[in-house]
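Shared chain: subunit A. Partners: subunit B in the first complex, subunit C in the second.
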Partner chain A sequence: MLKALVIDPGKCTGCKQCEMACSLENEGVFNPSKSRIRVFDFHEDARFVPYTCTQCDEAWCQQACPVNAITTDAMGVKVVHDNLCVGCKVCTIACPFGTVNYNASTGKVIKCDLCGGEPACADACPTDAITYRDVEQSGYDKMKVWATRTSAGTESHGPNTPA
Partner chain B sequence: MGWTGKILRIDLSKGTVKTEPLNMDWADKYLGQRGLASKYLVEEIDPKTDPLGPDNKVIFATGPLTGTCASTGGRYSVITKGPLTGAIACSNSGGYFGAEMKFAGWDMVIVEGAAAKPVYLTIFDDDVQIRDAGDIWGKSVWETDKWIKAAHQDPMIHVATIGVSGENAVLYSCVVNDLHRAAGRSGVGAVLGSKNLKAVAIRGTGGVSVKDPKEFLKATKAGKKVLKDNAVTGQGLPTYGTQVLMNVINEAGAMPTRNGRDVQFESAGDISAEAMAEPRRSDGHPNLLTNQACFGCTIACGRISKIDETHYTVQNKPEYWHASGGLEYEAAWALGSATGVKDLEALTYANFICNEQGLDPISFGATVGAAMELYEDGVITSETTGGIELKFGSAEALTRCVELTGKAEGFGKELGMGSARLTAKYGRPELSMTVKSQEFPAYDPRGIQGMGLTYATSNRGACHLRSYTVASEILGIPEKTDPLATEGKAGLVKAFQDATAAVDSSGLCVFTTFAWTLEDIAPQVDAACKGDWSVEKMLEVGERIWNMERIFNNKAGFTAKDDRLPERLMKDAAKTGPAKGLVATVDKMLPEYYDLRGWTSEGVPTNETLERLAV
Partner chain C sequence: MHHVILGAGPAGVTAAETLRKHAPDAQITLVSGEPEPPYSRMAIPYLLEGKIGEAGTHLRQTDGHYDAKRIAYKQGPVSKVDTSAKALTLNDGSTLAYDKLLIATGATPVRPPVSGLDLPGVHTCWTLDDARHIAELAKPGVPVVLVGAGFIGCIILEALAKMGVKLTVVEMGDRMVPRMLDEVAGNMLRRWCEEKGVKVVTGAVVESISPAGGAQPKPAPEAAAPTPEPKRPGFFARLFGAKSETAPAPAQATGFAEEAPGFAGAPENGLTVTLKDGQKLPAALVVVAAGVKSNIGFLDGSGIDTGRGVKVDAFHETSIKDVYAAGDVAEGINLSTGHNDMLAIQPVAVEHGYIAALNMCGVATRHRGSLNMNVLDTLGLISSSFGTWEGVEGGSRATMVDEKANRYIRLEFDGDRLIGAQCVGLTDHIGMLRGMIQTHLPLGKWKDKLMESPARIPEAYVAVVQSAPQVGPTGPKVALPA
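So, the complex of A and B:
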């Protein structure tokens, strides 16, 4: 089963535990500025939105890379190989979503690689705003909410209900 | 580890910026933040110095757990000599600013002297500049935040700033960071104003490391589970915020109302957490939009509210139609119960203005309450107030006052002195609900006796956050005690004071202690910091801090005579509720408290105590 990060901004409180977990996993220290996931605070609208790479099937970053430093692993994850990356930053321009970024302290680009299948951000999120699950069922929770609303006010009169 | 080991020293008179290593011997004795910065302050300033003079210093301090994944590990404090009280001041704040200071590489920023012209500081990692603040002096907290981010083309900067109230030396001005989190009490914002320091802007790209990452993750994860499984931190606070207390405290008969004339507010329900969540009749939307976490916090008690656009306070003022920091319990109490105002939207507006102008809503609301009593007693008239009909319960009077106070216009200039100076000016000092000139908050000691001793002995003037015995006396945490009894309270207050001083110094939020004890906290500190951090050591550090603060205050001129409550609480019995017929009996508890502390009957730490604690 292919899995993906499923993000529900409605559950996010803006605590940034995900940014700390990500930076600890990847950098060995707590450093949100080097986090691959970022929480945006739309303060005046009372909204917090975690955002990171969604692992495009046809990844523009990958296609733009002149030295083939970005490859796709068995889980469909786009992985940057530091030994090949030359820090040209073309991928940061090609990515339409801004989720590939340059790390000045290493001279390489960084992006989410789902921590090899155990994303630290999802594990750290205290409210389940970030979960890691079946990519084909990422809409399950929303569908369920709307299914509940659709049935609101109706009584159970299925074909097997006695009249 | 935990600590960055570096501090910044900025002399505004000379315009110099220096760095120095953190004194690690002191870090071992005082941990961080409140304790450690207070140690620097008491070593470096004359206790008798004028709080608003250039010889006072102001320290922005983080704790060793600030900027880590420990739940609530995002706190910082502003430590200085407070202008409202003349005592040591330490005001603690959340938001994201404190963690950003750690990421920039600094445990503390010590600011000394005073600038000749308005300035602001930028701390972008190692690049530290004192910059001209001519364009932002006179601007609000919200405008300043926006201006600084735009001027430096960096939306990821975090700003701590004063509003116009700090510039105007309103004695209960805050330092506000991240738009609506505040180092709120004792007038620390006025100290920045006196130094011509408008704001501190920080952006950090470095990391915070801990001694043993594996142990640290284990300890912090265990701590988060305890918070999640606890009814207060796992459900009550995220759902209702601190406002969960409004109905609880009112029913306990411990809600100071109309400047302490009453101990129950008949309209508490109208300004409660439950009311904030109800759809409004006017527009069908609730006042509360969502909860918000401060950095690293897995509780998320912050309130984000939106005022009804048709409410009289914001009609034709679209600048207030967005979401922002809503009412916490203390603010709802001060702006509401203390003044008798039950209009939730008016209170939310007043709260917005407090954030925007940098006013402490506790001292502001309580001062308006005192002024209302002066008005109702005929001591001041509408001539004094510039035409404001300052009656208890008047939302219009409250919102007019909040608009004037930060700007120091009209009667607002008098309100900005705080209730102790205001009532003294008009010959009625007994109407000030203060200890050491600082307004006490939302718990009436007639109905919660331990809070009487808490207020009387708090080193920063009346305050609930120095020993929150409400937890035990009302909520039964860690065990239930009788709120109306005085027996055993001296020991309870001391235990809470010492533990809280240690928690404050770690960089964690004291709200965790609804669920955590030092048994939960010490392992987190121990895994992060060099040294051996046991529960016993944390308590010893807490007690050492408490005594150090006390000695500073004694040297500043405070004596046992200042450990007393307003006369009203000692003489006028509660009229209603479970405490009906009772007064606050702090006198019974004080001698035992001094004794337990190892202080003389005059409230002075004995030599033996000082030696035992190596203060």
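So, the complex of A and C:
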């Protein structure tokens, strides 16, 4: 059973606890700049949008990696292997969603790996704007949302996690 | 059905894997041009600086990967293609029949018209074998001259500088990476490198390379010393990867001298690089990175239409039926111009390999074009460029420059769509620039915000893709992996 992060910006209050939790879980520090999830703050519209990797089926980052340092695990998650990553950053320009970032302090790239199946951001989110759910259950809702905003199925891939 | 793929780089390997996925029963043969497992040239600088061993450059890391996918691996290269008989002649004289052929033979470094290129101690930095030679010579403190500060030159620059050599880089253009970055960014890179102790000479042409210490320079490459056969390190050395290669190897050094008796003592006595303006630069090692050209020589007489590279249609088929081309050797479609062009970068090679393979096994897939893009780390200063970074007539430009902080953003728009970008000192979410350009995303009011504050790119991207419904197709897109 594949699970995915389901993000509902309508429920996000911009508290950024997800960024803190992600950074602590993955980097051992409270440093939102090292978080793999980022909350975008559109204060003019009073709107907050949490944003992270959607674990593409055939991922651009994985295909662009010259040394096989990004692989797909049994859960469909695209994982960066630090021992193989040379820090060439090609994945950071190849990912059209901008969700693979370079970490200058390690010389490697970082991306969301769903914390090995227990995403800290979802645990930390107090309003259920970020939930970790069965893909089968969330898939239909996702499709419904996208059907209303894209050109009626002519685009096989939407830009990112729907609202 | 026998699919034969010439070239074991990213395009060839991606094609082989894609064929296996979509044609479970087909016979697949991958013919390599080098006596190595499929590896990535892009990883060579990291091998040189000791970040990885040779195994770390391999394109696939799982043991038995090719066997498990029933991809036969054959040692080439191929010397002749007979498209009417659908047969290949390999360098060892053997022949190989194919039903569908993919040419993914990549490129090789250009040899600029400079005398002395064949001297021991002068190397390109393109193959693992080149890397082994460079690792022997690039010892801490020795003077090294790097010819060319293009994209590849700059990646090698970083590796050489990290190896601790005394580095001088000579570039013909007026700035560093002239085909990737504009004057502002190129000059930022230059100042950065100079502050880190690298000597940068731009607008300079190398006239000759000669042995130091009064020996007669050889007049022309044709008449030059016998080229030392690329020396293959022993199996033992290869097993232990780069570490054993970087260790002092006196046997190898004397091996050089024996092979080139005319230059006994070189490179121990060193080389002199003479520039057109008369300037002389001492060097224990000269690395030439003056650009690359497609490997198409073996196609002479095959009837396959070639220009700078192999001509392909939108399905990556060549002028001859059942023959396809992908990667650095192919003139695929440039997304920005709609024209066929050489975009010799890793992600494009992968796209080509993927699309060609789908078409080879009957899954008709039109290529909508690849986006030119690069990212470069020059001693810690990270730069990137995407698409039509030089802009178009009638378009608009937004820039942000902070010379002190070494930060630069330049965005180029056509109407309210981003068509090109370059950045220095900015790494977070830069992939969004690709996303915006490649999907021809209409930015609406966010274009005006970006004109005022180019650094708001991530915000603009998320705001646009997460808000207003898009009506109608958003423009051409590259074929996405299914």
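Following the convention adopted for this analysis, the second predicted complex is superposed on the first by the 138 of 163 C-alpha atoms of A that agree within 3 Å, B and C clash if a C-alpha of one lies under 4 Å from a C-alpha of the other, contacts with A are read in each partner's own complex, and residues count from 1 in each chain.
Going forward, a contact is a pair of C-beta atoms (placed from the backbone, for glycine too) under 8 Å apart; a residue touches a chain by one contact, two chains touch by 3 or more.
Keep in mind it's a predicted model, so treat the numbers as computed, not measured.
Once the two complexes are overlaid on the shared chain, A:L84 sits against subunit C while remaining clear of subunit B. Contact with subunit B, but none with subunit C, is seen for A:P126 once the two complexes are overlaid on the shared chain. Between subunit B and subunit C, more residues of subunit A are touched by C. Of the two partner chains placed by the overlay, only subunit C lies in contact with A:F97; subunit B stays clear of it. In the superposition on chain A, A:E58 makes contact with subunit C only, while subunit B stays out of contact range. Touched by subunit B in one complex and by subunit C in the other are residues 33 of subunit A. The residues of subunit A lying in touch with subunit B in their complex are 13-17, 20-21, 23-24, 27-34, 43-48, 124, 126-127.
Subunit B contributes residues 67-69, 71, 96, 99, 103, 156, 179, 204-210, 213, 217, 224, 228, 238, 289-298, 300, 304, 306, 322-324 to its touches with subunit A in the complex. Interface of subunit C with subunit A (complex): residues 10, 14, 40, 42-43, 46, 51-52, 56-62, 346-347, 350, 354, 373-375, 377, 380, 382, 384, 386, 427-435, 438-439, 458-459, 461-463, 465-466, 469-474, 480-482. For subunit A in complex with subunit C, the touching residues are 9, 33, 38, 40, 42, 49, 51, 57-58, 60, 63-64, 66-68, 84, 86-90, 92-102, 104, 107, 148-151, 154-157, 159-160, 163.
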